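Each chain carries a letter (A, B, C, D, E, F, G and H) given by its place in the written order, and its residues are counted from 1.
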Amino acid sequence: MDKSVLRKLLEKLQQGELTVAEALARLRHFPFENLEFARVDHHRTLRQGTPEVIYAPGKTDRQIIQISKSISGVGARVLITRLDKKRVTVLKKSLARLQYFPEARMGILLPGRKKTPEISFKTPVLICTAGTSDIPVAEEAAVTAWAMGCPVEKIYDVGVAGIHRLLAHKAKLTRAGIIIAVAGMEGALPSVIGGLAECPVIAVPTSVGYGASFGGLTALLSMLNTCASGVTVVNIDNGFGAAMAAIRIIRLKEGS
Amino acid sequence: MDKSVLRKLLEKLQQGELTVAEALARLRHFPFENLEFARVDHHRTLRQGTPEVIYAPGKTDRQIIQISKSISGVGARVLITRLDKKRVTVLKKSLARLQYFPEARMGILLPGRKKTPEISFKTPVLICTAGTSDIPVAEEAAVTAWAMGCPVEKIYDVGVAGIHRLLAHKAKLTRAGIIIAVAGMEGALPSVIGGLAECPVIAVPTSVGYGASFGGLTALLSMLNTCASGVTVVNIDNGFGAAMAAIRIIRLKEGS
Amino acid sequence: MDKSVLRKLLEKLQQGELTVAEALARLRHFPFENLEFARVDHHRTLRQGTPEVIYAPGKTDRQIIQISKSISGVGARVLITRLDKKRVTVLKKSLARLQYFPEARMGILLPGRKKTPEISFKTPVLICTAGTSDIPVAEEAAVTAWAMGCPVEKIYDVGVAGIHRLLAHKAKLTRAGIIIAVAGMEGALPSVIGGLAECPVIAVPTSVGYGASFGGLTALLSMLNTCASGVTVVNIDNGFGAAMAAIRIIRLKEGS
Amino acid sequence: MDKSVLRKLLEKLQQGELTVAEALARLRHFPFENLEFARVDHHRTLRQGTPEVIYAPGKTDRQIIQISKSISGVGARVLITRLDKKRVTVLKKSLARLQYFPEARMGILLPGRKKTPEISFKTPVLICTAGTSDIPVAEEAAVTAWAMGCPVEKIYDVGVAGIHRLLAHKAKLTRAGIIIAVAGMEGALPSVIGGLAECPVIAVPTSVGYGASFGGLTALLSMLNTCASGVTVVNIDNGFGAAMAAIRIIRLKEGS
Amino acid sequence: MDKSVLRKLLEKLQQGELTVAEALARLRHFPFENLEFARVDHHRTLRQGTPEVIYAPGKTDRQIIQISKSISGVGARVLITRLDKKRVTVLKKSLARLQYFPEARMGILLPGRKKTPEISFKTPVLICTAGTSDIPVAEEAAVTAWAMGCPVEKIYDVGVAGIHRLLAHKAKLTRAGIIIAVAGMEGALPSVIGGLAECPVIAVPTSVGYGASFGGLTALLSMLNTCASGVTVVNIDNGFGAAMAAIRIIRLKEGS
Amino acid sequence: MDKSVLRKLLEKLQQGELTVAEALARLRHFPFENLEFARVDHHRTLRQGTPEVIYAPGKTDRQIIQISKSISGVGARVLITRLDKKRVTVLKKSLARLQYFPEARMGILLPGRKKTPEISFKTPVLICTAGTSDIPVAEEAAVTAWAMGCPVEKIYDVGVAGIHRLLAHKAKLTRAGIIIAVAGMEGALPSVIGGLAECPVIAVPTSVGYGASFGGLTALLSMLNTCASGVTVVNIDNGFGAAMAAIRIIRLKEGS
Amino acid sequence: MDKSVLRKLLEKLQQGELTVAEALARLRHFPFENLEFARVDHHRTLRQGTPEVIYAPGKTDRQIIQISKSISGVGARVLITRLDKKRVTVLKKSLARLQYFPEARMGILLPGRKKTPEISFKTPVLICTAGTSDIPVAEEAAVTAWAMGCPVEKIYDVGVAGIHRLLAHKAKLTRAGIIIAVAGMEGALPSVIGGLAECPVIAVPTSVGYGASFGGLTALLSMLNTCASGVTVVNIDNGFGAAMAAIRIIRLKEGS
Amino acid sequence: MDKSVLRKLLEKLQQGELTVAEALARLRHFPFENLEFARVDHHRTLRQGTPEVIYAPGKTDRQIIQISKSISGVGARVLITRLDKKRVTVLKKSLARLQYFPEARMGILLPGRKKTPEISFKTPVLICTAGTSDIPVAEEAAVTAWAMGCPVEKIYDVGVAGIHRLLAHKAKLTRAGIIIAVAGMEGALPSVIGGLAECPVIAVPTSVGYGASFGGLTALLSMLNTCASGVTVVNIDNGFGAAMAAIRIIRLKEGS
């Protein structure tokens, strides 16, 4: 609850428009909706402009539908991550306007009757992957950024073992606004990109690989130890989080 | 080597001012200085405006001095991290203007005859720590950001087990430009800050703790799994890296 | 076997009511029932008042049924944990009064003909979760506490990234008897609750998360490193154990 | 800040004794003392009755002294953990009444001019160790509990490989209020005690061992997997935390 | 190849009964049968009297059949471990006399037309488990020992959290020849047994458990750190290996 | 892009056959084909003579087909690894000449209309396995080496626990060109082979085993710690990589 | 306390030689000596004939001396493991007859005035090491076995990378009573020995190595995964434990 | 022992020049020298032409001297790795011609009176490092290769975060015989080099780094997961092993 609201409340109390009991009650009242199994944080939506994301695994269809409706009801975007394709049909019965992006495994519910979000930001997000198998994670980042109103560019399959493939895009990397670098296996892509580009670089390790990749642990550790200074890292396969980090930066830049 | 330099080189070749052999040689010549044991990347300094940082462990005094002089010689800032206090006396004999920050364990060599850097950026970096023991890592970030020309603010010892200590600074957190959240033990600070503030939040796990903190691994894992969307993470105890990530963002914002 | 029983036995021997051989035999006789594959500990039920819990995985239907009947036969509660829904139909054929709680994945067999246990304790157990996906573990704790005769309260989905959701319940937390704090991902909830409340707080890490959550390891480590002093931890997803720890405390308090 | 204080504040505002600006300022004022490098939480001391513990590693002598004085200044107990013996002489110059317990590696500063704390609680805490080498951790628990006003009993060196040593104390275990079971190596002691006693049992793994004990990890994992239901666990070597957990339970029981 | 065979061979050469070429060839000839995909070690069977065990996972039905026939063909026992029940029908078509033990997941092919092995050893092997869920691993040990000709005794479900269940069998433990102690979860059983019994104790960790049991890692580490001196350990779930270790000991004792 | 091509380009520019703009463009043009989701590196094929391998998991059928056609289109070999048998039928519809090797789980597409590759190299690669279950990984190496034109020899099931099986092949090991040693479980085979043979030895850990083999981690660690000097290691189950390492060596030797 | 003692006690009670109170007291009286910080288990010494070993780290000199005197006082052997050389001088002041074995880092106090133990067993223990650096651990086993009365043989530095060094001792291995195989690095020695010898083989991993040996973890895992059936394993660097396991076996064999 | 020696031995037996007993004895006699604590493998020196390397840690000065003299006595090279500078003075007293290389931490004893080895091989080994701190490991490789008679080239400090530094040496990389790529932190160098060069590439992870580099584990895992096919890996900090792998390859190539 922001300061001006608090000030008003106190002024009302001072002016006798509220009793002490009423003031007390309101001070304890926060704008979130209680669905018993979930507390939808409309407050955060208002405060940060960010959507309340729904992480699908471990939630029932009914829970996803109710949370979606609650968010949607206040006119905000709904983003559902890790949504299995086979659940979509059931969800669509209750959430008719749900759009599904199979490669990203995401469901999106835009406010109003729009099918595409308004691209309200100017700073482009450039998403790179080391391999073809990293694309699903990259797409989670891409769909998230797009749904949040960012222009998105993509350069896929430019891993460091064929460095010329990456260097061919040096100009693009140099003038990028923000780069999301997605890689599995040895996870070296962000190190090279972090050295080539001076913009913010967000590294996303993926679980692509086998044996000693240990489900993405190797790529994660590799990225955390990058010798390119100023590269930051998110959780394994967390394309959504990388895009949200980009949004935080873009908001700072564009002042919205 | 940037495009305009290349274009000029090719034009000279076309106009007969260079032979093919000379052009070939120059194309292979990059602006880094070879000290045999180190290749100082003046190029990166020019390209990214970032200093070539010197990670002290595993380097001899002589190596640190020579690399410092090489960087310093092109008029760039020198940052030395993880520099043990007892090495400073020896280094100062050759690097007279070296400033040492014992809490941050950093040595700084500013260009020209200045003792303090020009604070050329406007976006402030707010550095928070969970505990008192996390301060050395926070100071590494603070000194780095300061040496790079950023305004720095600090809120230390506001861990989540006494949440009111943090909430007392809610206003400061809300209007911050960029927040660097430093925490050891369970590493929960960035999650709470990431929920309170909408600006970019960079999480730095520290090795503070014992037993199952496993040298900072717990704090690192905790931060990577944060449920606050859009928080990014750097390596354990990597205050320097967090500050450099902040610089990348500030440059994007301020357009320099 | 408690001391008074032993004393009586010895007195009988002294008084010639028992032969040495009989005394020897009785001294070796313990009140557990040997089902060949399982030794049901009626003794513990008598001694601790706690039920002999049946951990379902790795046990055959027949084994579960026989152990249940043995426990049930001495008038004690039967609690079956990690019981897959699809096994229930078969079990009910032999255990007609078995109640199944699908969200908690528990089967309960109350003594007598009762459908609900007598709520014999007064100290309420407050169960909190960080997210919606943590509810199944919380429910295992809730059903266990309920079956054991405790009053249970629940506050679900109050994770620390939206701290106001939790703070809205500060009063409830402050006056709670015992709090069970259930969280996956970064597992920070018990740290904040442990700082807000002065009552016993039992932390339950869950396997909710992906990537670097490593099946709940991150939440577990985070909770063990909590900076809130006096918070204790149980195994990953061990809602049952947390409830049993609460029962131990309540018994101490209420003297039963 | 508790509710009655808030109510009074609001009433004063209503009655014109405070301006809105003053009320706003007070609402933001929390009772902790800012030492720049540390925020001493007098609030917690008041709220929970628990001391603000000082974890010595990573803090300078000056920091420890200032925090101690700040806590001591409001009449509260000071507990310093992991305090190396060689630091005590320096600390005593500024903290004359500091008592040092070398085996527990703790420093204690009692309020007033007392040398021993008032034993205000009635429920005894029974501290058991598996081996002689586990005693320092047990002593940290014992000194903490004693400083907090608890009666303490000890049974040391009763590891499970000589089960009769433990069983000889069965009566003591059976009638204990709360048991803190301290063990390194395979960490089996809490499992056996948890089966023998029905009271709350808090398990403390220690880093005693070598090779595959991995600094206490084995004992920690063992205790988390205990088949004795309702046993809870704290961090490796965290005797302090175990005692604080006991205090939380005792307060609930004794209603203070 | 044992020494007397070599001596004879050399004597034959000396006496002209063999040419150098023949001697060379024989020296290089070892009694194993090459099935291209497997080299059945009849030599080991002869040398150690131990069967060539067939670890079923990763082998095709055809491979298992051929290896079994090869072993069976020289009159030796065949032991197949980790054999899924559903593979048995196919295998029986080619290996008519194959006996399957579903709980142990083992297939046994005895030499000759026998259905039960000759119990040729006298030292009994006592197999104990901590819980009911550990029985499959215990049965793998039991079937192996039985097939190798050992008398086998069993005490199942005597975990340490109900120590009286174990102590009830103290006499049996005291007079046992060799004890195989099987336990999952915290794996404490071998520590207690190792303290009670003076005979050889072989500890078998099982993968029974969840969360921080990490597939048996916790039980394994616990057993390796046992404070009962002289207890040895085999791989997780390796009932077969424990029985074979017992056989090595029994052979030493009984001199066969 | 190799030097002679660059020289020609520069000469053309010098001689006026190219404009600066054209030269610039060509300098940035690399010979890889952009399929949007994949950048096929024809350059590497030309430069290294090695095929662009397709790692099947995480790629759609359509992606595999398009990449295969792209590679195949420039007359190069196509190697598809980790290809599930059930995907082959679909792939064959578009890639009629695809050969599938079920044990190796590889698909091969040879250039031209050939069914077998030309065996252009002379140095034989000897592939050894410790057990029968390691054969699939060995076959991946064998098929790769064969498809690349190497003569391949195999000795399977010669693990160190029956050392005579291995020693029987000592002559073969001694005169081998390159040895690929494949082993799971304790992974000791390369140590013994590395001591017997003086040629290059490449160790391949496999995920064969259970319990504390941790999916091949044990074999991997064991091989990295080999006391046989000069043995090198590849990733778990990476038969393909071992064969490619052999090819690098053979090319050096045979000068092609 | 064994059965005959109990029987006598009960008979005395029956015959009026003891009162119930006396019988109760005796039943609770176990033959261990309480040193407050340690409970010396004379009972185990009597029951198992094994010494109470003193693990020196974490014990004060005073504690070691008192425990030693207590054990020594009942005429039993004292074995002190991991005893730093620099502590010996102090200990000898109180324990004049203490013998120190620097390579094994053990202190031995034999009963009576003897300088060497009576070699009362016949079965020899053969101790093998893979390298020279493993000798200290082997010596711990050797000194323990010797102090316990076993004949000891040694073959040091016969690692598997020079397999002929080991095979040269094949005869010795074949006729050995019990083999203790000590190895660091890849830990392959027990696998080869376990295949060559049919006697009991006890594997001891050592912390010898660097990098990915992870303090002996690799050797430990390797030994647990041995493909030689019936080999058992003890903790890293636990030479003492291996010798004690050998003693258990020898006692079984020799019937003492 | 090679075949021709065996043949001669058998012929002598056939011809009566040897008795059976003598033949038996010789068959068991291997050409290694028994120093009691070490078995110097002259055999390997003869067989593989490789030196018996002495790993210094865990060996006494006396042991190192005796092993060195034994090796040196048969005219072979002595290589001592991980040799602390402070031990050199003592060693030189007995090994006068010992040369010490402080950066590589190696001692070398060349055969004869030579101070430099004969560079008998032609294929150059190119050693690259990512950073200046990796140089000690690179020097271990360089000194080993040099002592073994290889031409050595070095390119140090060419990490991937400043990719132009590496690309400046593209020509050298392209025409290299064998490349040893040494890197700590994220360990990405071998991936880029493996893509640029077609020769054998041996990757050496180093323990350079902090935090989540986990003593070189990250670099090791990264290299094992390299997407550059055919790159092989040795243990962390194992410069010696990498050089020995290179020697194996060079011998194959040059046929010596």
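Keep this in mind: a residue touches a chain if its C-beta (ideal position, glycine included) is under 8 Å from a C-beta of that chain, and two chains touch if they have at least 3 such contacts.
Owing to the predicted nature of the structure, the values given are computational and were not obtained by experimental measurement.
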Task = Figure out the least number of contact steps between subunit A and subunit H, where 1 means they touch directly.
result = 1
Request  = Could you tell me which chains make contact with subunit C and subunit G both?
outcome  = D, E
Ask   = Based on the averaged CA atom positions, which chain is farthest from subunit H?
value = C
Request  = If we define chain centres by averaging CA atoms, which chain lands farthest from subunit D? Would you check?
outcome  = F
Remark   = Note: subunit G sits from subunit A at a C-alpha centroid distance in Å of 59
Ask   = Just how far, in Å, is the C-alpha centre of subunit F from the one of subunit A?
value = 38
Euclidean distance of C-alpha centroids - subunit F vs subunit G, Å = 49
Message = Quick check: how many Å separate the C-alpha centres of subunit B and subunit G?
response = 54
Ask   = Can you list the subunit F residues in contact with two or more other chains?
value = 3, 44, 131, 162, 195, 211-213, 217, 220, 224-225, 229, 235-236
Ask   = What residues of subunit D sit close enough to touch subunit C in their complex?
value = 3, 44, 47-50, 53, 123, 171, 174, 177-178, 195, 198-202, 220, 224-225, 229-236, 240-242, 244-249, 251-253
Remark   = Given the complex, residues on subunit D that touch subunit E span 130-131, 159-163, 167, 185-188, 191-192, 194-196, 209, 211-214, 217-219, 221-229
Ask   = Which positions of subunit B touch subunit H when the two form their complex?
value = 1, 28-30, 32, 36-39, 41, 43-44, 55, 57-59, 63, 67, 82, 205, 207, 215-217, 220, 235-238
Interfacial residue positions of subunit A with respect to subunit F in the complex = 131-136, 156-158, 162, 164-165, 167-168, 208, 210-213
Query = Can you list the subunit A residues touching subunit D in their complex?
reply = 3, 6-7, 10-11, 13-14, 16, 20, 23-24, 27
